[in-house]
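These are the structures in question, set out in turn.
Presented sequentially are two complexes of subunit A, the first with subunit B as partner and the second with subunit C.
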Partner chain A sequence: MTPKVLEHLKTDEFAVKFGFISNPAAVRRLLLKSNEIADVRRALNQGEISEGSVRTFVNDLVKDFRSGEHFPHDSALSAIAVSLEYRATPFADEFINDLASLRIAELGHSVHIARECKKNRKHLSRTTTKYFILKSKPFEKNGLRFEEFIVPSNPGTLTKNYVVNDYQFGKAA
Partner chain B sequence: MLEQFRLVGRHERSIRLQTHAGTDVPNIIESGFGREHLERYRQLRQRHGKHWQQRKPACGIYNCAGFVWASRRTSILDEAAWELILNEDGYRSLNQEESPTIGDLVSYRASSAGFLHVGMIVEVTVFTDLSSPTTKVLSKWNSTSGEDVHAPEDVGHLRQFDQEIRIEFWTDRPAPAKGKKRDAESFGAS
Partner chain C sequence: MPSFEYFLVAESASIDQLSNRISLFHVLEEFKIPEFPFNIHKLVAVSSWNWEEGDDEVDFQSMVSVSVPGKEEPTIVTTNFQMDCERRRVLNYFFDLDLECPGELKFELLLNGESQAHHVVSVKEIDSAEL
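Moving on, here comes the complex of A and B:
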C-alpha cells in the first residue's frame, strides 16, 4: 500500500495546484515551501516511509506512461525530485540524475525541475555516509552463545540487535 | 529506475527560436494532453475560472511563454529565457500613468518564486467618465490547457501560495516623451 503522503502527490488536487504554472523554476521554489513536500521529507527523515517505498511509488507512476502523450504524473515526479533535493543518499542521486538526463517530449516540468535540483545538490556536503554493522565479541550466557550488534535500520537511527547461536534474531529490550 | 521513459518516450523536439538580438531561446515542443489533463483543466476552470471565457479548448505543444513569444509553436520553460526575451526584444514595463493596449503583455511574479505566468492583453475598454480603462488578458496556463480570456486580477490559482503576486504590464511601444527612451534604431526604425 502506498503511504498517504506519497499517494497525495498523484491526486488531481495536487496536480491542479502546481501543474498550471508554466515556469518550472518557480514551481520548484513553491514546492520547496509547500506543506506537501515538508510532509514527504519529514516522513523520509523519520523513517515513516523508506526510499524503497518511494522507488515503488515511482515505478507505479511510470506504468501510466503513454508514448506521445504528456505524462499524467509530471507534477508527482517534480515533487519527488524536490523532496529528495537535500538528501545525500545514492537513491536521491540516482533519481534526480536519471530524471534530469531525460530528453523526451512527454515530460516537461519534472525534467527541468530535476535539473534545478541537481544544480543545487552540488552545494551539498561532499561527505559520504557509510553505515557499518558493529559487532561485539561473542560471549556465552546460560549456555547460549550471544553476539551483540548494532545495525542502522534507517539513517540517523540505530537499533540494537542480538543474535543467539548465530541464527536466532531479535531486538534488544 | 526511469528507463522506461527513455525506451518508449519520443525524443524531445525544439525549433530554432531567437531573440531580436540573435540569442538562442531554449524551447521544447511538448506532447499532447491525455484524459487526466483534460479533467484537471476542467477542475481548474471550475475552481478558479468561473468568469473566464474560453477561446480555445485544451491543446498541447505550447505554454504561456510559447503563446506570447513563439506564436503557439513551442514551449519556453526556461525562466532565464523569459528575462532574456523581455530584455533583448525591447520590452519595457508600463509606468503607472500609462494604460496598457491590445498586444501588450502582462506578467505575474510571486514574491519569492519568480515568474508564474505571462499573458497577452486582448481587450481594453475605455470609459467616457475618465476612470481607468479595464483590460482582458488571453492566457494559456500550461502546455496541456486551453486558452482563456480573463481579467488581469482573476487568477485565483496563482494566489494560493501565500506569496504576494505582482502584476506587471509590458509593452514594446515607444516610451512616452517624458518616460524612458526606447532605442528605436535597434528595432529597425528608419
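Moving on, here comes the complex of A and C:
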C-alpha cells in the first residue's frame, strides 16, 4: 500500500495547486514551502517512509506513461524531486539526475524542476569513499605469494572482492 | 583546482544521512604498542576540498601516501573525483595495516601529484605493564 503522504501527490487537488505556474524555479520554490513536501520530507527523515517506498511509488506512476500523451503524474514527479533535493544519498542522485536528463515531450515541468533541484544540490557537501586492504608483509592466497598489494574493496562484499582483486592488484612473487 | 580544507586520519568516520554532517571518531595521534608486529584493523584518512572557478567537469586525483615505520617504500592509493559540488570529502579507509617497529606512521595527501598536507602518527613501544 502506498504511504498516504506519497499518495496525496497523485491527486488532482495537488496538481492544480502548482500547475498554473510556468517558471520551474518558481514552482520549485513554492513546492519547497508547501505542506505536502514538508510532509514527505518529515516522513523520510523520521523513517515513516523509506527511499525504497518512494522508488516503488515512482515505478507505479511510470506505469501510466503513454507515448504521445501528457504524463498525468508530472506534478508528483516534481514533488518527489523537490522532496529529495536536500538528501545526499545515491537514490536522490539517481532520481534527480535521471529525471533532469530526460528529453521527452510527454513530461512537462518535472524535468525542468529536476534540473533546478540538480543545480541547487551543488550546495550539498558530497563524499567519495574508497576502501583499501593493506599488507606490508608477504602474504599467501590461492597458492600465490604476494609481496605487497593494495586491494580496493567495497565494504559490503569485502571477502568477495578481496579474492577477485588479488589477481588484479597484487604482485605475485 | 579545488582548494584544500583539511586532512585528518582517524579510527572511523560517519556521515549522517539526514543532516549530511561528518563525524570523525578518535583522531589518531599516537599508538602505544606493547608488542610488535601489530596489526591496525581499520583507520580512515579524510580530506576535504572546496570548489574553485574552473573546476567543473574536470577530473582530479587525490593520493594518500602511507609510510610505515621500517618500510622503505610508501604505499600509495589514489582516488579520482570531480568537483560537482561546493565541497567534496574524500574518505579512504585502510584495513589490515601491519606495524613492524616503532617510528612515525606518516600519511601524506597529494592532489594531482602536488603535496597538500600530512598527518603523522607516533608509533611507540611501551612495556605491557604500563597498559
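The criterion applied here is as follows: the second predicted complex is superposed on the first by the 126 of 173 C-alpha atoms of A that agree within 3 Å, B and C clash if a C-alpha of one lies under 4 Å from a C-alpha of the other, contacts with A are read in each partner's own complex, and residues count from 1 in each chain.
Throughout what follows, a contact is a pair of C-beta atoms (placed from the backbone, for glycine too) under 8 Å apart; a residue touches a chain by one contact, two chains touch by 3 or more.
No experiment lies behind these values; they were computed from the predicted model shown.
Contacts of A:V16 after superposition: subunit B is touched, whereas subunit C is not reached. When the two structures are aligned on the shared chain, A:K122 is found in touch with subunit C, with no touch to subunit B. Which of subunit B and subunit C touches more residues of subunit A is settled by the count: it is B. In the overlay built on the shared chain, the residue A:R55 is in contact with subunit B alone; subunit C does not reach it.
When the two structures are aligned on the shared chain, A:R87 is found in touch with subunit C, with no touch to subunit B. Residue contacts after overlaying the shared chain place A:P72 against subunit B, while subunit C stays out of touching range.
Of the two partner chains, subunit B is the only one that A:H112 touches; subunit C does not reach it.
Shared interface residues of subunit A, touching subunit B in one complex and subunit C in the other, do not exist.
If you check the complex, the residues on subunit A that touch subunit C are 45, 87-89, 121-137, 148, 150, 152-153, 155, 158. Note for the complex: subunit C touches subunit A at residues 15, 17-18, 20, 22, 37, 51, 66, 68, 71, 75, 77, 79, 81, 84-98, 100. Touching subunit A in their complex are the following residues of subunit B: 1-2, 4-6, 8-13, 28-34, 36-37, 39-40, 43-44, 47, 60, 63-65, 75, 77-79, 82, 110, 112-118, 140-145, 157-158, 160-163. Residues 12, 15-17, 19-26, 29-30, 33-34, 55, 58-59, 62, 65-72, 94-95, 98-99, 102-109, 112 of subunit A are the ones touching subunit B in the complex.
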